[in-house]
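Please find one structure pasted underneath; my questions will follow.
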Amino acid sequence: MSGSWGKNYRITIYGESHGPGVGIVIDGLPGGIEFPYEFINKELYRRKPGKNKYTTGRQEEDDFKVLSGIFEGYTTGTPINLFIENQDKRSRDYSEIKSKMRPGHADYSGYEKYFGYNDYRGGGHFSGRLTAAIVMAGAFARNILKNMGMEIISHIAQIGDVKDERFSKEKTNEETIKRLTDYKNQFPIIDEKLKDKMMSEILKAKEDDDSVGGVVETLVLNVKPGVGSPFFNSVESSISSMLFSIPAVKGVEFGEGFRFASMRGSQSNDEMSVMDNKIITLTNNNGGVTGGITNGMPIIFRTVIKPTPSIGKEQQTADISNMKNTILNITGRHDPCIIPRALPVIDNATAIAILDLVLERKKEDEGFKSFKRRD
Amino acid sequence: MSGSWGKNYRITIYGESHGPGVGIVIDGLPGGIEFPYEFINKELYRRKPGKNKYTTGRQEEDDFKVLSGIFEGYTTGTPINLFIENQDKRSRDYSEIKSKMRPGHADYSGYEKYFGYNDYRGGGHFSGRLTAAIVMAGAFARNILKNMGMEIISHIAQIGDVKDERFSKEKTNEETIKRLTDYKNQFPIIDEKLKDKMMSEILKAKEDDDSVGGVVETLVLNVKPGVGSPFFNSVESSISSMLFSIPAVKGVEFGEGFRFASMRGSQSNDEMSVMDNKIITLTNNNGGVTGGITNGMPIIFRTVIKPTPSIGKEQQTADISNMKNTILNITGRHDPCIIPRALPVIDNATAIAILDLVLERKKEDEGFKSFKRRD
Amino acid sequence: MSGSWGKNYRITIYGESHGPGVGIVIDGLPGGIEFPYEFINKELYRRKPGKNKYTTGRQEEDDFKVLSGIFEGYTTGTPINLFIENQDKRSRDYSEIKSKMRPGHADYSGYEKYFGYNDYRGGGHFSGRLTAAIVMAGAFARNILKNMGMEIISHIAQIGDVKDERFSKEKTNEETIKRLTDYKNQFPIIDEKLKDKMMSEILKAKEDDDSVGGVVETLVLNVKPGVGSPFFNSVESSISSMLFSIPAVKGVEFGEGFRFASMRGSQSNDEMSVMDNKIITLTNNNGGVTGGITNGMPIIFRTVIKPTPSIGKEQQTADISNMKNTILNITGRHDPCIIPRALPVIDNATAIAILDLVLERKKEDEGFKSFKRRD
Amino acid sequence: MSGSWGKNYRITIYGESHGPGVGIVIDGLPGGIEFPYEFINKELYRRKPGKNKYTTGRQEEDDFKVLSGIFEGYTTGTPINLFIENQDKRSRDYSEIKSKMRPGHADYSGYEKYFGYNDYRGGGHFSGRLTAAIVMAGAFARNILKNMGMEIISHIAQIGDVKDERFSKEKTNEETIKRLTDYKNQFPIIDEKLKDKMMSEILKAKEDDDSVGGVVETLVLNVKPGVGSPFFNSVESSISSMLFSIPAVKGVEFGEGFRFASMRGSQSNDEMSVMDNKIITLTNNNGGVTGGITNGMPIIFRTVIKPTPSIGKEQQTADISNMKNTILNITGRHDPCIIPRALPVIDNATAIAILDLVLERKKEDEGFKSFKRRD
């Protein structure tokens, strides 16, 4: 069973790259939440390919339809189905990839999983196109979080060997946030001077008929302390289980992440202090989460994305139709670097996880307001 | 809601460090599976503190009781409750940590989460002691996987700045596996010559009243291709959501993980080949998983564990009883490095996730054997 | 949260009576199951209104579309979305029912549930039209069960005061089953001589601008012993939780049901016997289920359906726009008796529940075939 | 998989009649709810056997232990494990029932389900003793509901052929409620004059070495309108799925239930009216639920319980050890009528279902208080 995620903001994804379309059913919202058409469209725009020469030339029309659950601009409280019809359903000749397993792709693992019945055209259910469905549900979640005062910001932390600065108290001012979250910003980085260097990494890969990987860093602001659970719904568990459903994601680390390995406790512990009658930490090595639960500091994590497996270079592979070795040449236009388009998928997917956790918290808190607690 | 995990091998954890005990309820197994008392005890032994000078001096008696679900040595098919009574329930004076929030611990986030009602003694439900419950359910799962031919092997990949070799085809021979999985081996590393160096990292931290972090690398052998799902139950989602429930885990990466960021697609793609009429990959950069689904190659991932937050050094923190800054001195004996004891928690927790995924797969496959599929 | 049901055959319903359409997402099936277009259309036909003078004159075109999950006539193994577009989306003047709460309907409870944001046109998400979505998922499930050898048969057990015979060993011969399950049979009853009497109950109600209730009795054949669970997934729990989601269902009883109240144990116990080396019961008062688990005998249950709340008669009610009492006159054509159209909803809904239970069983059984069990 | 139920107030049951004990894990409550030791003990007392000559002579000591989740008298917010140790664990000679399948019991269906590995002693996991676990979790839920102003009241509606009056506006006054809910009242009926007649039904069955069935009617007061969902978490679905997990329950009907079959819509529809600026219905044929959602009127339902299958009379059955017919004589003391002891199981189980639904509602409502809704 695949397809569904979440306890409080529950999504069910469906669709294939070359079938009728892709979509997502959202369940768990009460009646009366305004539906943010425009915001969702803007987030879809961020993910859209073909906007510039750094991404694939394929044109995707992402105009979505609401199939259920919205009435006169508000949620009805019943399941919401958001659907994007596939415009270009011509099935080109996919006989090549039907039997030649593309390295790095899900062709072979999917073949085994589905006993050879998966829709192989354009990757089928594994297609990156499915992430448009995640963006729709995520953008809606994000809009709700925004209305509650929470903000999710991502930047490109690394492409190839070029690394952007990390988020820090100093660098995360209002101006930076505004710039990074502008939906027209196709290359959100903290240190803008690195832009050319990063872009040239992509162009070099493109010229070589190759692709390149990268890292996205994400910051979540204004989540109150007390969100999450020790077992098994920790903030890290929830976010990572969502992120590892995004194609090409191969690693997730919170706060100092893998740097913790060579740290001492005296360095990694975030000393605490009282400020304005609130408890804060002086550093934020733990990325806003201790014991699986938010501590009120910004949540910070990094997600690594492997190089797009679709490359123009010749590759050796297996042909499943005759169980023989063969040579594969993938033609057509492909993203030499998926990071700029993966970024809005990551931050909107994050919104799904955060909203799910926040709603759980609201149930614990406001759902029991009538109970007199011990003084 | 916390406490429960899994769809097919479902666990529910409970207990506190200084309450009556800790335990776990296991649901989903049919009647007739032999209960591996001895194997579970051995895995508990691996996690046990106080076996040597590199771990805490606290003595834990981990002899567990079966409260339900086992009859005459076999599963009855109904929920299995495994319980470890807390022997030493004397509540020492915990008034200090009741109000002084320990940096790096869940004291403050837990206080907020539970509105100040959490059992703060010894960390309560956040205590590392709860991982004994995970080890019990995990060892049972692991024993079942073993009987199906699957093997889980971990080694200490890094402590402080000392790094062990990584798993590789050359190094992962039978002899190494045997040595690394011997339950008496308290320091499983591939390159044994590094042992002294790693241990000295720990002793140096101990001498400084400090602690040190590290990395555990895990290998899962003989999982068939086709296990997992693209959304949202990918192998990576499932394993990471389990691992991020283990205290102190702050990052998980699969295959080449964060190294993918600076790789090219032509390097990272695992070229494929037919061997003995089976499809294999020539490299295993993807760590056995593509598109969220196993491809038949060994599953490989690394888990980073932050330095134990309990250190002897003086730390600044907040006192929640009067909302004032204060100085904290944690006395008592503590693990300067939790890695050797975290390792069996990680590999047994992994067994829970793998068994859950494998059972899902068996349902898809063997549950539909009667269906004639297309030729 | 509403919308989703099931552990192994998982459905997610969506849609409104006067929105874009109604549909259902099905998750949990592996790749390679043939998709029964024709069978689903036949079951939709059974539910279709306007086929004769005993049902509403409204024309519904139930031709459904597959939005995902089917490729070249087989399941791909990924979520299947079946959708019926609403043809007649003209919103008539619904201002009357917007504020005048119709007695017996969900108008008021739905208003409260959704804070007044529900789509009130034609009942919105509460519309009987949603049952077409259940029929689609149910017919698919039923077709799978059929291929495994299981059969679901329903008859009209009661309309008004006219009662059909009950299912019995004598009456449940092949000929009867064939007759009752013929999709063209709009009035499946065991004793055909009662047909005129039942129909005249309906016509009398129609002439009085009134409606009448009834009972459907359902039989499930060839479910093996050992399906279900004592807590909390008993066969009765599972079937009843599904049936009570069908609008107008107000009671479910298994085997002798409410007759058990005045029985003695010596009468109600089903004595057992060995026949052809199989264990059977001599009577079947328990309706095929003991301890929540199938015992191999036919599953039998009865479902009561209240009279359609939409009647032509004048009724007193409340106007929520001004919180005043008012008089309601519902115009338009309505079913004087919903039983014949509810029957295919009930037996296809039953198929969903049975398949979910049977798949759980197959996982327990075939998923562990490799385990040597005690002799 | 059995064992767990609920989305917001989640329970996991475990234990066997003659193993170490029976218990239940409760998850989903926040920190700071007072733990009602005394109330739980009183409800356990109501279920306790051996209080008079109308129930089995077996002595059960139901003193329970808290294994986790409660600290200083309040919930910690982490899973709560409540355990009742089996005092009398002597395994009598159960060889007879090991192979001779008792009619009406789960012996055979359980044998098949668990491949012959179930603990057959005293019924094992199927034992009525497990209902003590349900009573514990239910009493806790009920206490929380009580503090929110909700009340659950049951009476014996029928034993054999003797029927008590039904709940009605007239009969459900404060005095009656007090009398019916007094935990010392072992025979709660509305019309006390029927007590002797009912008791004599039981005694007659007892004298005949037989047993007798009955009906329990339950009333839930003060649940606000808007609780429940149309699909698939309707109030009726939720309550019935819980009740059908109680051994011996074979039917559940809401409001007029099976009487609806012979009613007209003009009779069954509950006309509506405005009273004190609230919307009420003039009758309550729908038992407080329309469209699966509460309408603010009292919830009313009836549950039928079959005669205890354990009877002294000789019965024919099958011996599974040699697959031959045999004669069974059950010795020992048994309840000739389980209704008085089933009643507290039913109303406390109801509390679990209601609390789960109410918490869902509170999440929808109070969790979104910050959202400005349309005027």
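When the chains are written out, they are named A, B, C and D in that same order, and each has its own residue count from 1.
Everything below uses one rule, namely that a residue touches a chain if its C-beta (ideal position, glycine included) is under 8 Å from a C-beta of that chain, and two chains touch if they have at least 3 such contacts.
This is a predicted model, so every value here is computed, not measured.
Of all chains, C has its CA centroid at the greatest distance from the CA centroid of chain B. At the chain A-chain C interface, residue numbers used by both copies make up over half of all numbers present, so the two copies contact each other through mostly the same positions. Averaging C-alpha coordinates per chain places the centre of chain C 26 Å away from that of chain D. We define each chain's centre as the mean of its Cα atoms; on that basis chain A and chain C are separated by 39 Å. Chain centres here are Cα averages; for chain B and chain C they lie 45 Å apart. Residue positions of chain D with contacts to 2 or more other chains are 1-4, 7-8, 13, 30, 32, 74, 77-78, 113-115, 117, 125, 230, 364, 373-374. Touching chain A in their complex are the following residues of chain D: 7-8, 30, 32-33, 74, 77-78, 147-148, 230, 359, 362-371, 373-374. The touching residues of chain D, when paired with chain C in their complex, are 1-5, 7, 13, 101, 103-106, 108-110, 112-115, 117, 125-126, 130, 158-161, 205, 208, 210-215, 224-234, 236-238, 240-242, 244-245, 247, 249-258, 260-274, 277, 279, 281-282, 286-287, 289-296, 302, 304-311, 313, 315-318, 320, 323-325, 360, 364, 373-374. Interface residues of chain A facing chain C in the complex, by the touch rule stated above, are 1-4, 8, 10, 12-16, 19-23, 25, 27-28, 30-32, 65-69, 71, 74-81, 83, 113-119, 124-125.
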